[in-house]
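Note that subunit A is present in both complexes that follow, paired respectively with subunit B and with subunit C.
Coming up: the complex of A and B.
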């Protein structure tokens, strides 16, 4: 270890080495570790107004976690069905959205990596990236307008004659699923692209030469090779979708609450930072556990994702 | 099952670039056929046209008498062994070998049995459970062959599969490949830029240059009776003299060169015929050149020794020759005696007309 640091300092020179160490350490501590630790601490404390913070009244408790499971003491229900069902629906929808993104992005990534050439593939990449120059909120509103009862899609379907009256895409969740699927699509395409692109074209040709139809080439050769990329994309899309706020706020129907909205309400409307923190920690840990389980099931190591 | 392969008037173009031009070849069923040529001569392009990865711009490819136009590589009775082998790194060795069977829907037990039989054939029994990365270069080579054979192709296509191996292994794999070919009895089409491989393994060799077939013959004929200047200069080593035909006499040409008049066999076939007054090349192999005292050979040249190299089983001697700025080389078997000459000596060299060949002037192989 000592030797490693000596080498690190010798290779980069002391000024650069110190700069790298301090900047990375600051980034990790100030931006990532400390806020999370404060959240963790808050989530285990009673909810008292700021003037009482640090006093005896601000003691440790498990009440916010209990609240998530059992609800308030005054409630007649034995469990907190509202929050639990929102939580469950959020996770399930995030899984669903992740699967949609895999299905959409794998063919695109494969096409970009092995079929498209030169100018055409650059044009496609631009077409993928440029819409993301538009602000996330604006994109969500655009989806809302598009899927609205007098929006382009309803108008088109009515004109063509498939529908005779507008379909409520928003109340039925279609707008939300579409918006969420689109929101993080680049984070799925590029990891898969990177993985597929490194596949030797000869392997595809060899499989074809041995008589394989196209689907088996993908199933046996391309997808196994791209697995780390797919997992990496899934991890990011799942985490970000489960933690999305803007799209559910704007595109969600009146009855479909997203778990992040409950956290938002706790912080900003109920003024209950402790409960918000507890819910945030619950979302974070359960997403992490879910992702780690998936990696175990699909036999992907953490190091492979980082490639 | 084995099948013959016919290329009829095949031309392959990529934009303005002609990769192969008017190729006519009939490869007999069950033979070991090689395409030999420098890199970029179009031999891999031809192989891809046979395997189905590219279609000829003109002409036809027939396998077993059947026109292959519009038939994809997964439907042709061919199997290709890639230059980099292209084994599947995420599958075990036996899964690699059994891939063609998996495609055909053969059940696992049957697949495993067939894979084990093939592992036996390539002398790698009990290695089926390994990953490809655990094998050595030569073992990977053999697994690639087994994987291709598992598809039971009528024609096996090999794209310079030995080029990544070291010299010893390469020489060993030559005889191994030849033995496997004779055991399975199917047609092998082999692509190489290594003349040693082509000459040792093949029943017939096609020498290619710039998309054109220069000569098709067995190895012996290619070496002893080259039809064009390219073949003479590409296959083996050859000393070259340039001159003008003074006279044609039967199968011989008499060529006036700055180093003296030379009598040589006339090349026949593809290179065209020599006529009196034509520019011509005379090729003489280093092993056909002899030190002479009298005038017991058809041709004689004066030279001075520039350099002598001892190669173990033979000597190589380099000369400056009168009237030519090309260095000339002689090789002679080491019979245990030391060479009688020293660097700088003036000597007389001779060769018989039957060991020399005169061709029309044409492209030469790059040095």
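Coming up: the complex of A and C.
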């Protein structure tokens, strides 16, 4: 170990070695690891007003995790159905949104990478970047305009004669689901596009020459090659959707709360930081566990993701 | 048509649909910014106007949020670029055994929900502040500091990825040569590595700034009592919406288009420069051509001029004739409302008439007996055209003869749809 550090200092020279060590240490310890550990610690403590933090009264407890499952002691229900159902719906919707995004993006990515040619595909790939840089809030806002009771979609459906009364898309969650699918769709298409593009065209040609139908070419040649891209896209979209705050705040109806909104409420309205952190930990660990399980099932390593 | 053709047709159709899904909402939102209607929508279209942009420019809170966002963005660039660079340089030097762990930990913040990052940053620095006994207005509780640190946590991972991909093409031999020739480590870093990384530094900085500028999930927790552009926007969108938000979106979309075009121009220039160096290396060309100044690049000038011209046209079209158009729209609306009032009153009259009709001949008598006074709203009822309608009056009156109070009828005139048109601004709250 000592020899390693000696070698490190000799190779980089003292000024650079110090710069590297200090900044990496700051980043990893002060910004990544320690805050998470403090949050974990905080989530196990009682909820007392800030002046009492760190005193005797600020002891350890499991109450916030218990609250998530069983609800408050006063309530008559045996489980905390409100929070549990919001949590379950958040995870299920995130999975659903991820699947929709894969279904939408894979054909488009394949088309852009292997069917479209030259300038056109280049232009289209560049055009994809534009919605990506438009603010998440504004994208949600655009959906709110479209799905409003006098929005374009309602007006269109009424003019065509399918509806005779405006349909409340926002209350029914349609606006939220389409807004969420839209919000992170580009984090799905770019990894898949990069993966598919790196596939040698000759492989597809060979499969075709050998008489393989188009669906089998995809199933046996293209998809296996694109697997790391698909997985990385799915991971990103799932994590970001489960942790989204802007779209649910803007597009969510009164009855469709998102789990992050409960965390937000615990922090900003109830002033219960401890419960907020406990819920944050629950969100983080459960979505991480889900992603790791999926990666185990599909046999992809973390290193292949985020390329 | 073979099945191949059909498949091709479907593929094109699908891709077009996908792009419509991507751009449709943005285009509709952008259009609503130019409608003078107080609620963001494109139908009914009222007047082409740029007043929402003026409204935007006069919003002091927006300007304050924008300034804060820019300040924080610059801070994040200053923090995340060096951190990402050191993270990338370190990656090649850590022991192979711990390299996967190192990589996982540094990449993890990208996957951690922004909400969680915000909370943990807030809590951690709060605890640190308490440990040092710092006062409430010290740096540990400062919204700018917390936001910069919180955002830099994951943005550094982005910049690190940019540097890693550039460093993969770096030839270590150059560094060794410099060291052999007696350069110090710092000199080597400055003269060899940094120039090589220059494009990566530029794109990492742009990426970091944009990521910081549009971040909401982390910022909303760490900003404490201040506001940034995104928290301002969120508040605005949640509590009552009007087209000034769309106007802001238009500004952002135009800037993005501009940036994308600029990026493309820069990339082409870089490619051209690389080709040129390759030629020089092969000896096909003696010297480097004089590099044209960036400002004088024709493509840049054209983009710039087109943007200016577009903005100017929009401004003139949006301000000229706006007042007349608005007056027309208002008159039209008044006419519609009055028509509805008339219809209501007609119905009331018919109802009355229907009741009277129980005693035979009353309707006709009423119709003949009361010539319409000029200013009366009832005028229409007795005009010659209406005689036909009157014939069916009895039947209709019976249909309508449900118990009704005066207020109910009055409410009908101001039905929710009417209200929307008259005070569209209120609709946002209603939808909340």
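The criterion applied here is as follows: the second predicted complex is superposed on the first by the 282 of 307 C-alpha atoms of A that agree within 3 Å, B and C clash if a C-alpha of one lies under 4 Å from a C-alpha of the other, contacts with A are read in each partner's own complex, and residues count from 1 in each chain.
In this text, contacts are C-beta pairs under 8 Å (C-beta built on N, C-alpha and C of every residue); 3 or more make two chains touch, one makes a residue touch a chain.
Model, not experiment: these values are computed from the prediction.
Colleague: After the alignment on subunit A, I want to confirm one thing: do subunit B and subunit C clash, or do they fit together?
Modeller: fit
Colleague: Looking at A:193, would you say it contacts subunit B, subunit C, both, or neither? Reply first, second, both or neither.
Modeller: It touches nothing on subunit B or subunit C.
Colleague: A:38 in the overlay: touching subunit B, subunit C, both, or neither? Say first, second, both or neither.
Modeller: In the superposed model, A:38 contacts subunit C only, not subunit B.
Colleague: Just to be sure I read the superposition right, which of the two partners does A:67 touch: subunit B = first, subunit C = second, or both, or neither?
Modeller: A:67: touches no partner chain.
Colleague: Is A:258 touching anything from subunit B or subunit C once the two structures are fitted on A? First, second, both or neither.
Modeller: So A:258 meets neither subunit B nor subunit C here.
Colleague: What is the angle, as a multiple of 10 degrees, that the CA centres of subunit B and subunit C span when seen from the CA centre of subunit A?
Modeller: For this superposed arrangement the angle is about 100 degrees.
Colleague: Pick one for A:128: touches subunit B only (first), subunit C only (second), both, or neither.
Modeller: In the superposition, A:128 touches subunit C alone.
Colleague: Just checking: does A:28 make contact with subunit B only, subunit C only, both, or neither of them? Give me first, second, both or neither.
Modeller: second
Colleague: Please name the chain, subunit B or subunit C, that touches the greater number of residues in subunit A.
Modeller: C
Colleague: Once you lay one complex on the other using chain A, what is the shortest C-alpha distance from subunit B to subunit C, in Å?
Modeller: Comparing every C-alpha of subunit B with every C-alpha of subunit C, the smallest gap is 9 Å.
Colleague: Following superposition on chain A, which residues of subunit A contact subunit B and also contact subunit C?
Modeller: none
Colleague: Contact residues on subunit C for subunit A in the complex?
Modeller: 7, 11, 14-15, 18-19, 21-26, 28-29, 32, 39-43, 82-83, 86-87, 89-90, 93, 95, 100, 103-117, 119-121, 123-124, 126-127, 130, 149, 152-153, 156, 161, 184-186, 189, 210, 214, 216-217, 220-221, 230, 233-234, 237-238, 241, 245-246, 248-249, 252-253, 256-257, 259-260, 264, 420, 427, 431
Colleague: In their complex, what parts of subunit A are in touch with subunit C?
Modeller: So the residues of subunit A touching subunit C come out as 4, 8, 11-16, 19-20, 23-24, 26-28, 30-36, 38-39, 42, 50, 53-54, 104, 107-108, 111-112, 115-116, 124, 126-131, 133-146, 148-152, 155, 170, 182, 185, 214, 235-236, 239-240, 242-246, 249-250, 260, 263-264, 267, 273, 276-277, 280-281, 283-284, 287-288, 291, 302-303, 305-307.
Colleague: Sort out for me which residues of subunit A touch subunit B in the complex.
Modeller: Result: residues 200, 202-203, 205-213, 216, 220-221, 224-225 of subunit A touch subunit B.
Colleague: Once bound in the complex, which stretches of subunit B touch subunit A?
Modeller: Contact set of subunit B toward subunit A: 51-53, 72-75, 78-80, 82-84, 86-88, 90-91, 99-100, 102-104, 147-148, 150-151.
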